[in-house]
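Here chain A shows up in two complexes: once beside chain B, once beside chain C.
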Partner chain A sequence: MQKKEFSSHISNQLNRNLEELFNHILEMGGMVENQLDMALSALENADAKVAKEVIRFDKIINQAEMEIDRLCIRVLARQQPAASDLRLILATIRIAIDLERMGDEVCKLAKLVIKFHKNDPGVCANYAGYAELVDITTRSREMLKVTLNAFARVSAEDAMSILDQEDVVDQVYAKACKNVTEQFKKNPENVESLLEVMTALRASERLSDHALNIMESIIYLVQGKDVRNMDQERLTKFLEKI
Partner chain B sequence: MSELTSFSMNSESDKLSLENEDIAIEVKDWNLYYGSKQALTGVNMKLPRNRVTAFIGPSGCGKSTLLRCFNRMNDLIDSVSVEGTILLDDEDVYLKTMDVSALRRRVGMVFQKPNPFPKSIFENVCYGLRLQNIKNKQLLNETVEWALRGANLWDEVKDRLDENALSLSGGQQQRLCIARAIAIKPEVLLLDEPTSALDPISTLAVEELIFELKKEFTILIVTHNMQQAARVSDYTAFMYMGDLVEYTDTDTLFTNPKLKQTEDYISGRYG
Partner chain C sequence: MSNSLVSRAIYRELIWVVLSLGVFLFFAWLTGYWAAILILYLALYIVRQVWSLYQFEAWLHGDSDAVAPSSGFWQVLCFFISRQRRTLERRAELQNSKSEQFHAASMALPIAIVSLTKNHKIEWFNNAAQTLLSIKPSDTGRKLETLVRQPEFIQYLKQKEFEKPLFLEAFMGQTRTYRCEIFDYYHGHRLLILEDVHELYNLAKIRKDFVANASHELRTPLTVVNGYLEMMIDMTDQIPDFWEKPLGQMHHQSLRMQAIIEDLLTLSKIESDTLVNAIKVVKVDEILKNIEVDIRYLYSGDYDIHFSIEEGLTLKGVEEPLKSVFTNLISNAFRYTPKGGKISIRWFSDTLGSHFEVEDTGIGISKEHLSRLTERFYRVDTARSRESGGTGLGLAIVKHVLERHDSELKIQSQIGKGSVFRCDFS
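After this line comes the complex of A and B, so read on.
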């Protein structure tokens, strides 16, 4: 399947609407990428001002999701899309939900920066798990970029290339959890801050999960196959066939 | 971050609203009777210019009857009597002094079955112009080409304009009838089930044509096919037993109708 198939209908209105949906997803994805860049910058520089901007920006992302929903409803009610067009609508709705949730998770990272900044400006990096937090967020940022590019090219193969990254994220997350747990034991007086870091770690790990969901939606769009909830073995077999 | 907000988040404000439209036709307290049987009851509506308005509803609900009121086609039926007012650009269509032929030049019509005359393709399209006694060959040629291009048929027939129109396929014949109707440059185009005799691909071609034609004409379409109304129209009127039940922009009617009766009909729960 190629992207041009979405603009080859007799109805120009349907062509326009599908193209609009396509571009909306890319644009919304771009917004989340930018929000993630800002959050990373806030994390690395313990910059509460940028972190506040991240939270403010989330409202725009929420609106983008609603706009995409409205357009999907409109196309479903008025154009009766079929086959790959119908899959595009469903994939679009799912991807918009994942992007919106990514925006929410990014806000949790920003809130951590704001909280730490208040308590102890400039010392974030000293907390256990903080380095891993930046690492996971950077990797999730890369995964999002790869999936958005794959969506733009309507390529299931490109989307699947994030699977290796997801494994690395899981390993780093496990390591971070271990570090933080050890710190819990060693410095119980820091429990509050460590819990904040845990929450942010969880949020950054969820970012990669959402990128994975987007990959699944792209596979569904391109192959018409629902790979959600497939165990690793079946998924590997399926991916080998593509 | 302002450069990132180019995302169009204005669909609510983009929504069509009759209040913001230029009105071409206004129907006021319109009643129509076939003998003693009332077929239309107190219809009030404003039809916007350069938009497609679709009429949907079950058989016998009065949608075709209403459509035929706009160019007084019902005058041809003896038993018909009417009450109320229909204004075309603020001019009363049913005034006794109204020149009905002139009215029908302003309000063209295309019927369910393609009905080309047994003449050449060229003569079919310029028939209305010849009736107006236009003889200028260049003008006729230009208008025929314009109308056939407008009806998205030019490329298919430009090399055989002298051939009999009946040699065309059903879909081509219907587009020819649309070309014939627009050749006299009416203000309003009435389409009464224009695609019910056509195959799905020809139907989509005609629907696309309707979408293009609204740039120049006000289009009113009666269709049994709800999905077609959803695809082509800007506004939709749902009629039932001679009443105009709900009339609003097509987005709203097909996603969030006000009345349960409309919801039941468009979601197939009617009856």
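After this line comes the complex of A and C, so read on.
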């Protein structure tokens, strides 16, 4: 069941194609990581210039996704892989979609920075939920790093270490939502800005969800088991088994 | 020693042969079957040798319960072989400890070192790399770019030639400056070196900022001082004669200070990247013609001046800094050439590219100064250059501007005969 290294095939071409695919997806992951880093520094320093850079960078990520799709189709059409190789291709397609979505969510964060910069530069840090926003984004960044490293090492154990982080993110998100709703009631004149913060909070929470999706794809790749529809109990039981 | 060993072996073998042969011959004499006994003896001797050979082989392969053959020649052979073995072992041990020491040294280095194959697969790395790149010993054999995914880094890794180091402003989630370099070594392997240069980088930045700010702040007060000095000089009738000379000196020096500050500001402007943005075609021939007019107006009586400018020869670059390169080099030539000397300025092109050349018959520069000539405030002869009114920054400016244009200043000089300053543009 386990995923092996890329030299296990008699067909050299297949080995090479699969490895290329593997490298491409991680390269794309690196782009999203970089984009997320830039977005974080834009958030922390309220830097609209960096935020614009983030939005421009998204185009490159979209192109990378298309390239990965092309490679997947090529391998499927030419070599008809089976078992762990087929799972690799399926996981790759899914991870590419998640990464591309992550790129879009990061753009939403950048848009928040730009909008606030236009209205009143430097004040966005005072809004309710802003500290939580940075917190969630930082945690999502860490989760993405861990999952991508786990993918590079083809290790399900490493990937699963982000499950606790996801719980923390959910708690922080709930707290942030409460804060923002309170502010809605207290300062109705700030509704527009608070709505923006809300959108960004939602986006950053989605980031961690996508990281979790990638983790599920990795478990599918390594263990051959689809864990997407498992509830908490069954999931922990399954995880204890491996 | 070996001789005596061999002779002793022969001696012992002979004794054995003589004694055993004696016993067999005695039996033969007793029984009378001479031929049969002799054949038996021969067979026994052969069996003894074959047995020894068998023992020897077992011993050579290092079987645990094998004993070295004890008969005659074989024993000596074993002795020689074991002696050879011991020296080899000792040498291997020495090599081993040396390579282990080397390994330990590379582990202890504070800079991160990763050895890669041609396909960027990780071969080995040191402790610093482990912490800096967050890779584990189990990652050996994986591709480096799958674990270190920074886009700039991947791009740097993918290129074929590694001439320039890569500076990473943020790396692996840390906003520090890292210097990354890759070397080819040992049959197509690659060595990646990663160093934290944050402090150095910051220091350089602080130095640049300081110079720029200080010169900027000094400029305004100096302008005021200068203005009042000029005013005082103009009012000669109200000022005692005694002050005339000191005032002149003060004015002269304050002008010099102003020139230095202007040059410092130019330098820091060149060092910051703002200049690179405005690259366009510069009409060097026209610039030089304008300079020629000024120069001829100033010096035509005192010097033998030759200008040879190729018509229509242009250059891609930034105009203002290039202009200061030409004026600096030309004014240097006049400054360090005694009156009556010959100065020729050439702007020409050949198959290698375009060249700007200033040749003079001045005092020349001795060899030990050539390499340091472009340093800031470096003086070959302190007294003379102050007198001649240079700021000490001219050649530093020239060097920086040329670097920005992928060119280099080449100087040939002979004391007493003169110098040639040349810039080659590709």
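Here, the second predicted complex is superposed on the first by the 238 of 242 C-alpha atoms of A that agree within 3 Å, B and C clash if a C-alpha of one lies under 4 Å from a C-alpha of the other, contacts with A are read in each partner's own complex, and residues count from 1 in each chain.
Please note the rule applied: a residue touches a chain if its C-beta (ideal position, glycine included) is under 8 Å from a C-beta of that chain, and two chains touch if they have at least 3 such contacts.
None of the values given here were measured: they were computed from a predicted structure.
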First (chain B), second (chain C), both or neither touched by A:E33: second
Which superposed partner A:L71 touches (first chain B, second chain C, both, neither): first
Partner touching more residues of chain A, whether chain B or chain C: B
Touching partner for A:N12 - first (chain B), second (chain C), both, neither: first
Touching partner for A:Q79 - first (chain B), second (chain C), both, neither: first
Which superposed partner A:S41 touches (first chain B, second chain C, both, neither): second
Chain B versus chain C as contact partner of A:Q165, first or second or both or neither: neither
Interface residues of chain A shared between complexes with chain B and chain C: 27, 30-31, 34
Chain C - residues contacting chain A, complex: 134, 138-139, 141-143, 145-147, 149-151, 154, 170, 173, 175
Chain A contact footprint on chain B (complex, rising order): 1, 4-9, 11, 201, 204-205, 207-208, 211, 227, 230-231, 250-251, 254-255
Chain B contact footprint on chain A (complex, rising order): 9-13, 24, 27-28, 30-31, 34, 53, 56-57, 60, 63-64, 66-67, 70-71, 73-74, 77-80
Of chain A, residues touching chain C in the complex: 5, 22-23, 26-27, 29-31, 33-34, 37, 41, 141, 145, 148-149, 152-153
